[in-house]
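There are structures below to look over.
The same chain A turns up in both complexes below, where it pairs with chain B and then with chain C.
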Partner chain A sequence: MVALRRVGEGLVTLFLVALVTYFFTSKMPGNEAAVICGPSGPACIRHETALLYLNHPFFARFFHWLGELFQGHLGLTLAPPIPISTVLLAAYPITLELIIYSQVIAIVVAIPAAMYGALRANRMFDKVSTAASFATLSLPNFIVGPLLVLIFAVKLAWFPGPASNVPSLWSDPGQNLYVMFLPSLTLAVGSIAVYQRLLRADMIATLEEDYILMARAKGLSTARILFRHALRPSTFSTMTVGGVQIGGLIAGAIIAETVFSLHGLGSVLTAAVAAKDLPTVQAVTIIVAVFYILCNLLIDFLYTLIDPRGRRGRRA
Partner chain B sequence: MGARRRVREVRPTDGPLLEVEDLRTYFETRRGLVKAVDGVSFELIAGRTLAIVGESGSGKTVLSRSVMGLLPQRNVTREGRVRFAGLDLVGAPEHELRELWGDQIAMVFQDPVTSLNPVVRIGRQITESLRHHVGMSRSEARAAATALLRSVGIAEPEQRLRWYPHQFSGGMCQRIVIASAIACGPQLLLADEPTTGLDVTVAAQILDLLQRLQHERQMSMILVSHDLGLVAGRSDDIIVMYAGKVVEKAPTATLLSDTRMPYTEALLRSAPRLTDGSHRRLPTIPGAPPDPSDYPAGCRFASRCAYAQPRCAEEEPPLRPGAVPEHTYACWYPVGTPHGAEALELNRAGGAVG
Partner chain C sequence: MGVGKGKPVMGGSVTFGTEAEESGMDPTNAHFDSTGVMYARAVYDPLAIVLQDGTVVPYLAESITPNSSYTLWTITVRPNIVFHDGTLCDGAALKYCMEAFYSSLLTGNSLTYWKKGGLKQVGPRSITVEMEHPWVPFAAWLAGYIGGQIAYIFSPTQMRKGEAVLNSHPVGTGPFVYQDWVPGSHFSLTRNPHYWRKDTYGNQLPYLDSWTFKPIVDVSTRLAALQSQEIDLMHTDDDPTILEVDADSSLVSLRDDELLVGEPDCDFGMINCQSPLMKDIRLRQAAAYAFNQAEYCKLIGKNIVYPTNGPFPHPSPYASATPYPGYDLAKAKALVNSWTHSNGGKAPSITYTTTNSTTAATSAAFVQQLYQAAGFQVQIKQVQQAELINDALLGGYDVFSWRQFANIDPDLNYVFWTSAAGPINFARNYDPYIDAQMNIGRQSTDTPTRVQAYQNVAKQMAKDLPYIWACRDVWCVAGSKQVQNWNNPTSPTGGRGLSMLSGIIWPTEVWKSA
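Entry: the complex of A and B
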């Protein structure tokens, strides 16, 4: 029931995003048919106008476009005319990996830092990590990226810098993760700070709970108490915020791709905007929206997985 | 079968199972040094039940946790001696205490609903100490947990192991907490107001359950309560606490029949009847207990005592023996003595107190 409602809400959101995207991109300067035809003459323009429903009212045009979209016909890019789907299929793995990799880094760093900080609240480590979080929160990605390049690629030469060749994750995972580390870290820095702060605050509250004292009275080790009893009940606000900041993450990914010259969705989008390639801009926007909605559905699902009280249950 | 040897075998000793001597537990707070437990001594013979009673804030919870060593890690000082089965618990580092906690000494907390982790199945909450201390395998622990649930009176235990705490009522939760506390067969069970928030009939059932388990398993039990009437029929000995100190201590029957301390008398008078609900505040003693960070000189009960004389505010009464040597009390003008009667008469005549 609840799940169905969430999916329904997702579809409505998606529809609205499509509508808004279509509306704004159709307002971008340049007649689509004219851009496609270039110097080819009025016959071509007439033909394309009919093909693209350009002489129809806005909503007819929109639903025509949406119908095509649903059948997977994203159309062709402007120049050279290749299927947009081909371009996207080639580009999305980089962006997706960037986002997932960054979140893995963020979680791996933030959880132990938050736990240790909460366990020894207001002591040295906690103060330093909280201050570091504050500092990094105010640093935008386009500063963090070059800074990381300067330190780890140029000065220390531990990692490859921008414009490196990225082998596919499947053919050479080691090299891929190595090359993708700095771009992902760029994206992760902001998330680490957010997660560390939220998780630490919630963890401090959780550690005051009676069930933690009870776990202690059972003689369990501190590590066991933290991971088995304290971690999960402390993740709710972190997860909620995680869902909200996925949008920012996508924007951050585009910046990271630019800084590191990676060929992901971000570079496709920037190129398309520069070339006034409307169909491609629309397609990328829709893909991003789908991704955003899927992520939030996933978080809703994780929520019910972690908190049994949200599930329907019997009572004794 | 893989049951690992317990790290610390605790053998029954000849003397008392638990000896507490001049235990002090102070908290450093912004308000000053809170002397929650201020020099408490008692003994607990194996297999017996000791009740600790006193008003809210008298230090019962801190005392029971301090006996176990289960205190906050910072801003606490704990002094005195606690000997449990021949082991010294006050000097011991936490990792050594942890081997006893949940295994030899277990605790049941005040609020059953908040003492269970809401996101962990109850099965795991019961089995974890068995797996940790006794080294049982998953299936052994499961079988043991099923038997435990059955023994605390939960039907269909096998299925219930997979349930979460919110699926049970408060009384059921307390049964589960008790099951998890006694899982490893502790020698000492500390129950800190185990029936708060439960309605009267359920509270009585829980206390009966504790009593039955204690007999079956030959455990020693410390039963904390603010309700003298509630523990009267369920304890061998009673300690009355006031402002961090023991003010009277006796076998239960003696304490009830031969009350010496005016505070105990007041508690007895204000004991709620069974029909009043289980966690009714005790409003009938006028006044409030003193600030634990700033105790007055002399007897700490003086400002509220119907027997109080000038001497009470100057000199602190020591614990002294009553008619039987197991009975001790701290009072200059004890109830039921000519001295006390005279003091009460003087106050009545002077119209000072009640």
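Entry: the complex of A and C
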């Protein structure tokens, strides 16, 4: 029942996002028909206007577009005329991989660093990791990206540079991970610092709880205490922030895609906005919204798995 | 530089990083800029090619011959050439393409000299084009440089499937066959196994198995991609990047600043002479007086480029002194004040539109300061290059940051400078004197007369001020040392083709050393 309610809320959110997106993109300066026609004159513009439903009232256009969207008809990019679905199918894996890999890197680095820092709070490692996380937090990824390219791609040639071909994860996973490492690291740097800071603080608090004292008194090993008893209750803030961060990650992905010349949804979106390709802008925005809503639904679901109090509370 | 050493190697692939993406590949409607001309040269063949000395010789055409008065041109295509779809490139195909160019609202504007109904197929491989007036340098239009896209012959069969089909799935007779196009990501081509050209060793051209264009709009990223060997070649006219390329010993590079044929690209502010504000000559004069060319070329152009007073900077054979107004802030202020007083006391507010690169933003900010010092209010608008061209066609602008006019013959700019050109005269400067001089240049067979006519055009532009000249623009093509022969195009009879111009090279004879 709870799950159905959350899905319902997600659909309402999606409808509102679609409406707002359509409203604002329709108010953008420029005219799709004029972009398609170029110098071809008023007759062409009239023809394209009718074809694109632009001569109808706003809500008629919106519901026509929504209907087409539900049937999977995303239309054509304005110039050159290529199915938007083709463009998106080529682009979405890049952005998805970028976000997933960046979060994997962030978690793999942040969790051990936070746990060790919490265990030995205010000692040398903790101080160094705290300073490092503050330093990385202050570095925007449009600085981190070019620096990584300069050092690891141009100077040391350890990793591929911008505009590298990205093979599919399924056809060549090793090369895919290799090519995507630097862009993912660019996006991960900010997340590492955030997760490390939050988890460290929560874990220090958790380690002072009575049940942890009890576990220590019972002679459980430090590793067992940390991983079995302290980690799970310390992750709530980190998960919440992880969910909120998804929007930021999508924005960061646009920068990483630009710096590494990757053809993901971010670069499709920025090119479409600049070219006044409104059908593509609308399609990308909806896909990003669906992704955002799905991620937040997933995080809600993970909450109920991790925190039994949530399940009890909802039953009550 | 860019001429292959040793025996060519067959096979391999090359990726070229371009500054922009193309809006389409239908030659009757596409906006073939520097990137587009290279896309076109890969998929299509132009009817003619320009040699190092500026002579135009046949390429896909077997012959291009005028009658004695230059009012009837006969074009014959080579025998047994097929399009990538297997259909024959013959006289009928040639006639079909030329009719499509003539009826297109974009390219038709270039063909105002053609007599209506004057296009005829006169043989299995030949057509004739009858002109209303003599058109002496017509062959230069068939060499496929910017403005001359009527040179590119496409498959009528593909066009009959719909303009959109040809636009996204081009079919020509060129050295490479369209394979895949994801706009903004890549335009991929594979070797045409049935290509009609062979090299002097008897090897089938092209040498490479595949060719890919990758649009990388950000020039720093493009250079980093080249330095990290993700791409093999790139072009740029971004001056700081040209300096970086020069400093990198791992790369080879070539600039087009020694060109002695036609005219090079120029950087300038293009004014919409029909916009409500800028149609007032006082504001155009003020914009010219307010613009400090020397400082601009030093600070933005990094001293690679130098100021120009017209569309034919040195070393163009058409270069001459012009009465173009030099930098004089006091005069600029006086003209803006005069306009302000006669328009209710409100300062002129203009939009300055430019592309979305970092250098373009810096340059726009510099220009904004100069104009504001004279009393203009200036809003900067940054858009993609393809959109910039669209806006220029539609005429909805005040001042554009623009780069143009590189060509092998000034007649190619007929379409951009005369009243007959319609929306392709982007600046919308309709001056009967310029029209007359451009017609003299087009119709005369006497070189000194032609030179004088084009110099007169430059002088008149210095009075009309549709263009606020900044600097002569320099292009650079840079590549890895492995890529060979990218600046050594040849004609089918072995003549050495014109070097890189405006960042445009020929993919046909490029090879990659092992």
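Methods note: the second predicted complex is superposed on the first by the 299 of 316 C-alpha atoms of A that agree within 3 Å, B and C clash if a C-alpha of one lies under 4 Å from a C-alpha of the other, contacts with A are read in each partner's own complex, and residues count from 1 in each chain.
Note that in this section a contact is a pair of C-beta atoms (placed from the backbone, for glycine too) under 8 Å apart; a residue touches a chain by one contact, two chains touch by 3 or more.
The model shown is predicted, which means the values in this text are computed figures rather than measured ones.
Chemist: In the superposition on chain A, see if there is space for chain B and chain C together, and answer fit or clash.
Modeler: fit
Chemist: Looking at the overlay, does A:259 come into contact with chain B only (first), chain C only (second), both, or neither?
Modeler: second
Chemist: If we overlay the two complexes on their shared chain A, which of chain B and chain C does A:211 touch? Say first, second, both or neither.
Modeler: first
Chemist: For A:307, is the partner it touches chain B (first), chain C (second), both, or none of the two (neither)?
Modeler: The first partner, chain B, only.
Chemist: Where does A:86 make contact in the superposed view: on chain B (first), on chain C (second), on both, or on neither?
Modeler: Second partner only.
Chemist: Considering only the touch criterion stated at the top, classify A:156 as touching first (chain B), second (chain C), both, or neither.
Modeler: neither
Chemist: Mind telling me which of the two, chain B or chain C, contacts the most residues of chain A?
Modeler: C
Chemist: Just to be sure I read the superposition right, which of the two partners does A:4 touch: chain B = first, chain C = second, or both, or neither?
Modeler: The answer is neither, since A:4 touches no partner chain.
Chemist: Going by the contact rule set out at the top, does A:233 touch chain B (first), chain C (second), both, or neither?
Modeler: First partner only, chain B.
Chemist: With chain A at the apex, figure out the C-alpha centre angle toward chain B and chain C and round it to a multiple of 10 degrees.
Modeler: 160
Chemist: Using the touch definition from the top, say if A:223 reaches chain B (first), chain C (second), both or neither.
Modeler: neither
Chemist: Between chain B and chain C, report the minimum C-alpha distance in the superposition, expressed in whole angstrom.
Modeler: 47
Chemist: Which bits of chain A are touching chain C when the two form their complex?
Modeler: 34-35, 38-41, 76-77, 79-82, 86-87, 90-91, 146, 149-150, 153-154, 157, 160-164, 258-261, 263, 267-268, 271, 274-276
Chemist: Using the touch rule from the top, collect the residues of chain C that touch chain A in their complex.
Modeler: Those in contact with chain A are residues 15, 17, 21-25, 29, 31, 105-106, 109, 164, 167-168, 181-186, 214, 216, 218, 220-222, 224-225, 227-231, 356, 383-384, 386-387, 390, 393-394, 422-424.
Chemist: Applying the document's contact rule, which stretches of chain B touch chain A when the two form their complex?
Modeler: Residue list for chain B touching chain A: 68, 70, 97-103, 106-107, 109-111, 114-120, 128-129, 132-133, 154, 160, 163-164, 166-169, 172, 177, 180.
Chemist: Considering the complex alone, what residue numbers of chain A touch chain B?
Modeler: 209-211, 213-221, 224, 228-229, 232-233, 306-309, 313-316
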